[in-house]
């Protein structure tokens, strides 16, 4: 008889965890508005500027959507940053300035992402290697292979492909709409498909999922594939945005740790089984807002780092402090 | 007579150190309720796990509809139409009732998406088999439901797979009387539909009410088989099959019982109300009740894990208010958790380390782990020897030991602390019968040395046999008290009867 | 998996050299070699306003009125060189009344973030002039192009692949740096001497050109290059690498593509009990002091931090409508040698201060740069 | 009963001590190094090797406490940077300052560890996130303190620990001071882990925190102590690295992952319950040996990354395989 078994059922109705990301987001936005007005820079509150904020962290957002899937199945992926670099370079090299090669390049990048995800997933679910170690190792391997062959910007992205990063539909950047579409798609997958339901089951209680006939290993592998494919898309986006791929762009953006931080701030628990894509999107917006607040408040870049570290911990504590579980 | 749906023949199964089943044969037919009874540790769960493919039998065969089957995974048995409702819930608290019911086999639209509407409708339909249906909204999070309702969902989940064989492992453990009645109705419905039901219990009342046939397991063997339901006494005799006086240690004599060690007056917290009880030195007090009645909550409150927020607790004459297990232990309270693996053992450590866990915890951090102000490996080894713990070496990882020996190592943990009050939660769960008597005698020895003992158990014969006095809890309150020798019937009644709860 | 990665890599390898920036460009090499010798124009003793080559651009028609807001998109202040440079910059801003507000946004070394920063500045920064120190050349080009459409842009340090900025300020360049050091080695050791080349990172344009130029000269002079190792700019690693080389044989000269770990490399010789060979470092105080203390045979080519002052000066001239060197403003790139070493050694300055800062005459010197 | 033990034998250690694969790996690597470079058997060779491995080995010895207790400490790398930069700020080339700066730095290490522990225990933020936040914060603090570049020199008295040699030692000719520090610290950490109450309780809380708490273990106190020891090891490693190589701004980068890798190579179980200081020491030596060997082979940095990644995954996969086979 466990302690939990005797626990009183939770009260229905208001569920703090569900609304916490929104509360944090509203808080961050309030601070942004407050700072903009307080420093007498109302020009930062225009529509254009808000769109610019939304568009700040597209690559991070795409990566974080993928990361949400693996964290939901109680895994984690530290290889996304290296993979972003690898796919950006690959795409840019394959395209090499030729519009005709755009499609093959996109395919090549996605295939690379899928293969990396497949390997990650198999190592995690098949060899039972702790996902942190498995994907850290994978990250080193990718980065090593990459820098062995490429040491600078390689290839060139034709103008037609730059539409991905720079195109606009009306007042909205194309990439922003793409991110939104991707988020909706991810949400729909998690909400309406059996696969999505299985993800929550595997992350929530792997044993129960297995007893219900869910092929848990397959779900873990698939989630890793999705995560890596998202990273590959982020790599494509960055190649388009930077007009070329370079072997350091993933690591420079710290997409591995930041995507995890974004997901966790968005209310998805590291232990898996709880959370979702909209929380992650809120987490991404919080990051963008913090960045913008720092910029308009003119915070010194070193102080910025200190604050960012504290904010990550504080935001996670905002959820975690209410839990009674012992964490390590 | 219809041919059996399930036939198990000559099933034998051993675990390291224990023969769990020896040459057990068992069968169940469509449209009947076959009661599988036996004490804790008699081998019921092992038999079911072999049926469902969790374990593999060392010898023997399982036939489904006359054909030999070899399930290597529970999923295979599920697909073959055998649904098992385990005691440990396999529900996902973060998902809705409907999502849980159809976990892994969600109805889909022709686009392959989950058909939410159909899932809800089918969930309602399945739930309508149950009298509790009205209370259960398919869209509610399972985590928000009370234990009894979760149990209903768990059963509904098994039923909804369209299983031809349903195994229920002590399904009433968490239910009150009215809920039990609802469950019985459900079982009747299933039986009428031609489902074969294996019903595991050790409650005579349920056997009388439900069973068509009874198989009694004892010490891993079939002790008796009844094609009609016999008088409860016959079942009990087959179940226990030994001199109870010898199995349980004799109750305390009045000279042995001393002053109260623990007195609680008017205590409560969000799960406990108006708790008043005394435990005297030399006395074993049993605490009975259904799951969720608040017995564990009471233990955890006394132990400081989830403390009382009102009332008064006196320990050995002094008022105490423990806010953590550590404080409670310092004050002289010990506790043996019910979930040995989850809450009792540090599985990757050695037998000796497990025995010394508490004494080390109270010695200075920087002192030697082998000999310090509180603990001494030599003394611990002597204690382990004395308790006849069977291990290749005390340096061996404890996970390889049998349940009984593991439990003894936890008892050893407390012996060296000489607690005034010791709380045992389900002390013999998952322990083979031979080791059980040892645990009971150990408890009695501790009491004789002057400790007060509070024993929580879901095994009523155990509570009756081992305790000097039985308190019954219901909905966070102590509702009745019985002296040694009370009948199972009376205690069950007290534990499950509907009560007007004062707001 | 590995096969695919290898295949991918091989593909990249096959294609990359064709299209990657060329780091061994004989034309550029020759041009910079010439610029090193060229007489620079402008006021004597103020290299930060001097320029090599005489082209000028007019800015009177840009029609900006002072005091104007200058926005600066900085790649980062993530190394001591940039810290010194940024200090130069903020101090220089004080000298110009025409600059009303100076807004600084820091991309922390990320291309993506710098693009977003520039877009933010364009969307709401009320900037009149923008200074950009690009994190990388290719990546920032589109963002700079967009900025150019809105206002005058000044680029310095790394360039962009567009000529839309008013001017691009930079010292002679990486080839020049490599040439100065390598020629010093050639002049001070025998032919066939053992030279160890220590590099920071692969793939960084300014460092790659230094290496290719240095390598070219050392090879041509018949030096025996015992190795070219990457140190990651890590002192401990540098010291370990040099110690390993010393276990295998003598070293007569050390060429470095950046001076950050020069002192660690020297210590490896000291600690292993060897004489310190001919050394190429950079203008960091710790190296200069070591040089002076131990009487080394050394040279310190520089990549002057005073270019950060120049960027502000250029912005001020744009606001004031004055002409300025452009579209390329090539600054002189002096090396510190035994002759002028004493001018640059200053024990009051912190160890990682870059001596060629052109900041000694500024108001808050030396406190603002961390000196005593 | 089949499992009745011979009572007289129960107290003896029956199990043959299984040799930890890390020692086999280390021996093979050392043999390869000697083959490549016979000079390695000279004191200069192996003493330099030990000197080089000292900071990592000390870090790994500290990290193993946190890993065994069930967590991660990602903050040690930035802590090293903070210690080096901070020492240079405080001593400012004043030889007399060493005598108070070293204790202050050790104090900072203890303080950082304590804060990590407090955040994990009381704010219930998982250590992965808590120490990630700490890593970012400390890095920012180091820059903030120094204004971006360290402003002082480290006097020779400070550099004594990492740089000096004790000469004229019989048998080995000389011993670097850092090797003495290494032996003392690793010895102390090993003693604490394997011969004291603390060590047993660190194992217990990593193995099963609920059981440990119910058995009266002061879980928070033990966990915080584990983080404090890790922080302390970071500070010591920082003092050695600053001494070895002088001031720079990114001394600590990457050390956190190397320390975790070393501990894992030594068989420490991620998420807690098992860990050995001597084996982590062996892991650190093995990792350093791999790097040294790759250097001797003239293999570039990228190959080192790939090899490190493969070894990391292989080590954990092998450990999982062995664990499955032995059923423990």
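Worth a mention:
A, B, C and D are the chain letters, set down in written order, and residue numbers restart from 1 in every chain.
Keep this in mind: a residue touches a chain if its C-beta (ideal position, glycine included) is under 8 Å from a C-beta of that chain, and two chains touch if they have at least 3 such contacts.
Keep in mind that what you see is a predicted model, and the values were worked out from it rather than measured.
Chains that touch both subunit B and subunit D are the following: A.
The chain with its CA mean position farthest from that of subunit B is C. When the C-beta contacts at C-D and at A-D are tallied, the pair with the greater total is A-D.
Rounded to whole angstrom units, the spacing between the C-alpha centres of subunit A and subunit C is 35.
Centre-to-centre separation between subunit A and subunit D, using Cα means, comes to 31 Å. Averaged C-alpha coordinates give centres for subunit A and subunit B that are 43 Å from one another. Counting only residues that touch two or more partner chains, subunit A has 3, 141, 145-148, 301-302, 304-305. In subunit D, the residues that touch at least two other chains are 147-148, 210, 213, 300-301.
In subunit B, the residues that reach two or more other chains under the touch definition are 305, 342-343.
The touch graph of the protein chains shown belongs to none of the named shapes.
You'll find the chains touch as A-B, A-C, A-D, B-D, C-D. Partner subunit C is touched in their complex by these residues of subunit D: 37, 39, 44-45, 48, 52, 55, 88, 146-153, 163, 165, 241, 244-251, 253, 292, 295-296, 298, 300-301. Listing the residues of subunit C that touch subunit A in their complex gives 1-2, 4-6, 8-13, 15-16, 19-21, 76-77, 103-106, 108-113, 115-117, 119-120, 123-126, 135-139, 141-142, 202-203, 205, 208. Subunit A contributes residues 41, 43-44, 46, 48-49, 51-53, 55-57, 59, 86, 89-90, 93-94, 96-97, 108, 112, 115-116, 118-119, 141-142, 145-156, 162, 166, 238, 241-244, 246-249, 252-254, 291-292, 295-296, 298, 301-302, 304-305 to its touches with subunit C in the complex.
By the touch rule above, subunit D contacts subunit A in their complex via residues 69-72, 119-120, 122-130, 132-141, 143-144, 147-148, 205-206, 209-210, 213, 219, 223, 257, 264, 270-272, 300-310, 312-313, 316-317, 320-321, 324.
On the subunit D side of its complex with subunit B, the touching residues are 1-5, 7, 9-15, 192, 195-201, 203-204, 207-208, 210-218, 221-222, 225, 269, 273-274, 327-328.
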